[in-house]
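Here the structure is laid out as structure tokens; the discussion comes afterwards.
Each chain gets a letter, A, B, C and D, in the order it is written, and its residues are counted from 1.
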Amino acid sequence: MVSFKNDYSEGAHPRILDALFRSNFEQTEGYGGDPYSIKAAGQLKQWIGRNDIDIHFLTGGTQTNLIALSAFLRPHEAIIAPNTGHILVHETGAIEATGHKIISVEVSDGKLNSTHIETVLAMHTDEHMVKPKLVFISNPTEIGSIYTKEDLEQISRVCTMKNLFLYVDGARLGSALSSLENDVEITDLARLADAFYIGGTKNGALIGEALVICRDALKEDFRFHMKQKGALLAKGRLLGIQFLELFTDNLYFDLAKHANAMAALLKNAIADSGYSFLTHSPTNQIFPILPNWLITTLQEKYSFYIWSKIDDDHSVIRLVTSWATKEESIEAFIKDLKTVAEQRTDQ
Amino acid sequence: MVSFKNDYSEGAHPRILDALFRSNFEQTEGYGGDPYSIKAAGQLKQWIGRNDIDIHFLTGGTQTNLIALSAFLRPHEAIIAPNTGHILVHETGAIEATGHKIISVEVSDGKLNSTHIETVLAMHTDEHMVKPKLVFISNPTEIGSIYTKEDLEQISRVCTMKNLFLYVDGARLGSALSSLENDVEITDLARLADAFYIGGTKNGALIGEALVICRDALKEDFRFHMKQKGALLAKGRLLGIQFLELFTDNLYFDLAKHANAMAALLKNAIADSGYSFLTHSPTNQIFPILPNWLITTLQEKYSFYIWSKIDDDHSVIRLVTSWATKEESIEAFIKDLKTVAEQRTDQ
Amino acid sequence: MVSFKNDYSEGAHPRILDALFRSNFEQTEGYGGDPYSIKAAGQLKQWIGRNDIDIHFLTGGTQTNLIALSAFLRPHEAIIAPNTGHILVHETGAIEATGHKIISVEVSDGKLNSTHIETVLAMHTDEHMVKPKLVFISNPTEIGSIYTKEDLEQISRVCTMKNLFLYVDGARLGSALSSLENDVEITDLARLADAFYIGGTKNGALIGEALVICRDALKEDFRFHMKQKGALLAKGRLLGIQFLELFTDNLYFDLAKHANAMAALLKNAIADSGYSFLTHSPTNQIFPILPNWLITTLQEKYSFYIWSKIDDDHSVIRLVTSWATKEESIEAFIKDLKTVAEQRTDQ
Amino acid sequence: MVSFKNDYSEGAHPRILDALFRSNFEQTEGYGGDPYSIKAAGQLKQWIGRNDIDIHFLTGGTQTNLIALSAFLRPHEAIIAPNTGHILVHETGAIEATGHKIISVEVSDGKLNSTHIETVLAMHTDEHMVKPKLVFISNPTEIGSIYTKEDLEQISRVCTMKNLFLYVDGARLGSALSSLENDVEITDLARLADAFYIGGTKNGALIGEALVICRDALKEDFRFHMKQKGALLAKGRLLGIQFLELFTDNLYFDLAKHANAMAALLKNAIADSGYSFLTHSPTNQIFPILPNWLITTLQEKYSFYIWSKIDDDHSVIRLVTSWATKEESIEAFIKDLKTVAEQRTDQ
């Protein structure tokens, strides 16, 4: 059975495994003090075009979010996030477990805007309520949409004006930046956000995320927080080697482009068949609304998540593609979809 | 320069990398639901001889300690640990960061005993003090010594009597169990401890520890705690594949025996040269007390940690061997040690 | 200026101050071990009709909520509460600061029901989300409504079936139990809830809430949690003496009835004048919807909170009465309201 | 039976109760916004001779310590304290429960010095250990000794040099400042410490401590932390009224002087009888070392704590005097002590 359940079903891109092999017997410093991690950080800084930023390698998205946010905030400070935000939904209260409240904002397309932020601020006026201090967004969002440069400029403007931090969860950042509809450069992101992370796990790495801290005030002692939360790997090189390889010869973007292209094929075919989508997604996750009978039939040969119920007869499913998705799997899915749909029409 | 700084200077044992390669393109469930993790857990249960235990794979020792201890304890409950305990010294307050106090007991050989525990209990009598609830020990200890079966029986007895949990940090458990002086079987450990972990990172894995929970009351909902603390890897297979390989054909023990043998060679040579040790260590870490001039000379060709100062002229150094330590490196070190020592005697 | 801002604008009922005076020079044990606290607890148990409950005296509602909830829950367990719940709105993230997420349920009348609870449970299915474990309600609610016995029976039923704890915030419990519309006996509350508290601060005490723990599993070591959170008063007698007096000769209920009666006078007069209310409140807080011009005029002589905006011309205000509210203040307010309203009609 | 167990056995000084009575029916703002709290803060600022300090009223020592320390520190920062420190011994891990480690320093007289601090700093060098950031001392110490001005100057110097905060627990500050051996002015304390608190509960108040924050960087948003930890009393006036009275007409110091004088009488008589003391105490707590038979006899008429065991025949007891201690009780105790001692000598 072919899986469209997520973008972490396989191991790593072969070049990454090769890189681990090549370096295997070299003795290096532990805890990220190895030459690979150092070089990888330098390479990322060069790509981002800034020397005055800090790079830290971590093992997963929830870990990165919880360490960064708890390091950045004082105990009474809270986070503003769209209701679809990963930290609100699928991190088992990881942020609250560090003591911070997340203020949820109802959105329809996964995207927060400056009006949402101002509305929250207007309601939090004194010490009987938490103090909103950090804006959390994901790019792409958890439902596949992306922020435009103008979106980010507006959010950043209100953050600057109101003295809030802006943090971007980039679990699938490669997919956003490689999207055909994207107009955000990495330099824009580093200029507008106070911190963000570059996801590796969902774009070809075995494991690993690179946290980028842009604002000086947030950099101090960050490695203490990593160690305290159990995130400083003894063999930190495992992360450095992978990011070094991912950002050599454009591998990271080639992988993301492939994932996006595979999703676009699916999306176009589904639209051609007359179905609509939960939201507009130009990235590697799409959310078609399908009749339940079609879903049931497709499930016989493909695995994917049922995202939500629309009505008694229709549901949203999530189809995720990745660097490892084969074009032949996509073609097979499309063919099956069309065949099934036609048969039904016949009856 | 040859490093005796630690047992995580290299990558992984080649068989582990091979196993990652072989499985790379298989699509599996995420978060440890993959067949490798499931099989690895089953294999460990078989080795331990118990089906009624839970196995969880995590990425490092600090992470394992902090998640297990905070999951096991209620907010007012505290931990009793020897003052050398890793959680007291080198985990950046990770346990306290989860809200729990660690009661430190001064010991000389790294080992806690039942008298220590009873003394602590006698001093904690009411709600103005924390309630001691869990005994933390490491086997081998952080200074290389090991617990005998009788040691563990005694500790376990007082724990049972006083309703305390017994937790064993096994970052280097392979080295303890493979030590020539060891009389503890893994079945003893599982019978006497409520939970313990089997260290992979320091014995040939790229990354990974296997937490074993033996007491029923501590098992419930453990995966929630893992996710909440950022420890549930999307590609959980990375850990399962490694442990599966480590516990196939005795690899885990072969590696530990090699590390121990290399340390024994060093230890005997150093003792032959007339030097003494901080404590008796039959495992892969030894702590010779050397004159400072000798240390300085050795540092020209070998890297290692200076552990502590003895007097103005002598210090304790830590020499760590591993599965990857080459016998020729040991021979070279011994030869250099003897040469330098003789030269000095001549003068 | 007369204040209808809250029910804690004055000091304490004179009988309470007298009781403090009478006992002042007696030497007693500290930390609640004094004879007054012990006697007050016994008296409450008698009123509640149960000997198998634990009573603890604390200094305020937020303190009581945060200590009880964090003592009752394991780290990954969450709370279900209506969106108006005090813990969600006006406690500065006190619950999240202890590590627990609160799942907010949108309600219109301040009241949670069993369907709400089941809906939340249906959405929380695995370890990627928190585990709902405790239902938080307030009686009366933060907007003055009360739960009927049948309401509580239904909630309790789903809690029992789904293994959830039921906790009732009784900051104004006296007002609920004394309401003319109330059909809940204190014995019902103790039978249906696992824990609740009896508010003193808002019903005549200088300071103090009495937490009642009904479920055995939640009782153990509770005083440790109180001490750890800074709530064990050296002069614990301050709380015991007050509760002893409040529950002597029905004082607690006489005070609550007076507050309710004063609110009813206000409510009837406002309704007579043709205005409606945010919700139905048979307790000591009412929330009339008034035209803004009327609010502005009333603010010249009376202080109260503007609760929320309805439209450009109307707002909800909150009027709170208490044991100390004078009937002449109510009459004056009513007279002013009618005069102002008539003048406006004339124009 | 007369109690020398502590200085919080009685209620409040009558002038305090009178002040509560006088103000009882006045309607005031809640949460410390009342005129009494505001006036009391102003009065304290005047006494301290500084307008640029913040004053907050809290209900007890543990509460004050835990809120201040957790507000002042980032998650990885730790506290240095003498092993006798109240936060280390008798606060049920309240500080650790907020996530911070306390580094204990062994001292004999309850007092920390600059060498202790420098030794701790020398051992904490990287992110594998916590970062020491705040020095906690108590004046008087938990065993009755006091810091001289020179002591505080030295500690403050190392704190300034090493960028540490200095915090002084003043649960019995009145007794220290009123001691015949004291040379520390309140202005010295405010100059040398970054924050300290002025204890009310143990010097005549019903309840209450006044936290003084001197360093600008520690002031921001402090009321949020108070509310989040359940310390913002609805009837905040209860604290303001008491402090206003305590610092009117020198009441606070008169009470402390009385307590000290009573302790001095006890101390001199015990010394006259040939007994020695655990440490030198010029304040209201003394710790004589007595033969066990004498202790047993005294316990028939007086209650006090047995502090620690010296040998099989001798123990240290703690005798505490207060504003409420009657001179006749002291005389009776002394007479009984001498009588018993003589009888024994006769035999």
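As a convention for this text, a contact is a pair of C-beta atoms (placed from the backbone, for glycine too) under 8 Å apart; a residue touches a chain by one contact, two chains touch by 3 or more.
Predicted, not measured: the structure shown is a model, and the values here were computed from it.
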Study note, to complete from the structure: So the chain most remote from subunit B by C-alpha centre is C
Review point. Over half of the interface residue numbers used by both subunit C and subunit D, so same, or under half, so different?
Key: same
**Study point:** Separation of subunit A from subunit C, taking each centre as the mean of its C-alpha atoms, in whole Å
**Key:** 42
Revision key, fill the gap. CA centroids of subunit C and subunit D: separation to the nearest Å works out as 35
Review point. Roughly how many whole angstrom separate the Cα centroids of subunit A and subunit D?
Key: 51
Revision key, fill the gap. Residues of subunit C that touch two or more other chains sit at 75-76, 91-93, 97-99, 127-128, 130, 224, 227-228, 232
Study note, to complete from the structure: As the complex stands, subunit B meets subunit A at residues 2-3, 5-6, 8-12, 14, 17, 20-21, 23-30, 59-67, 91-94, 97, 201-202, 206-207, 224, 227-235, 237-238, 324
Revision key, fill the gap. Given the complex, residues on subunit B that touch subunit D span 75-76, 78, 89-93, 96-101, 104, 127-130
Review point. Given the complex with subunit D, which residues does subunit A contribute to the contact?
Key: 31, 70-71, 74-76, 98-99, 127-128, 130-131, 221, 223-228, 232
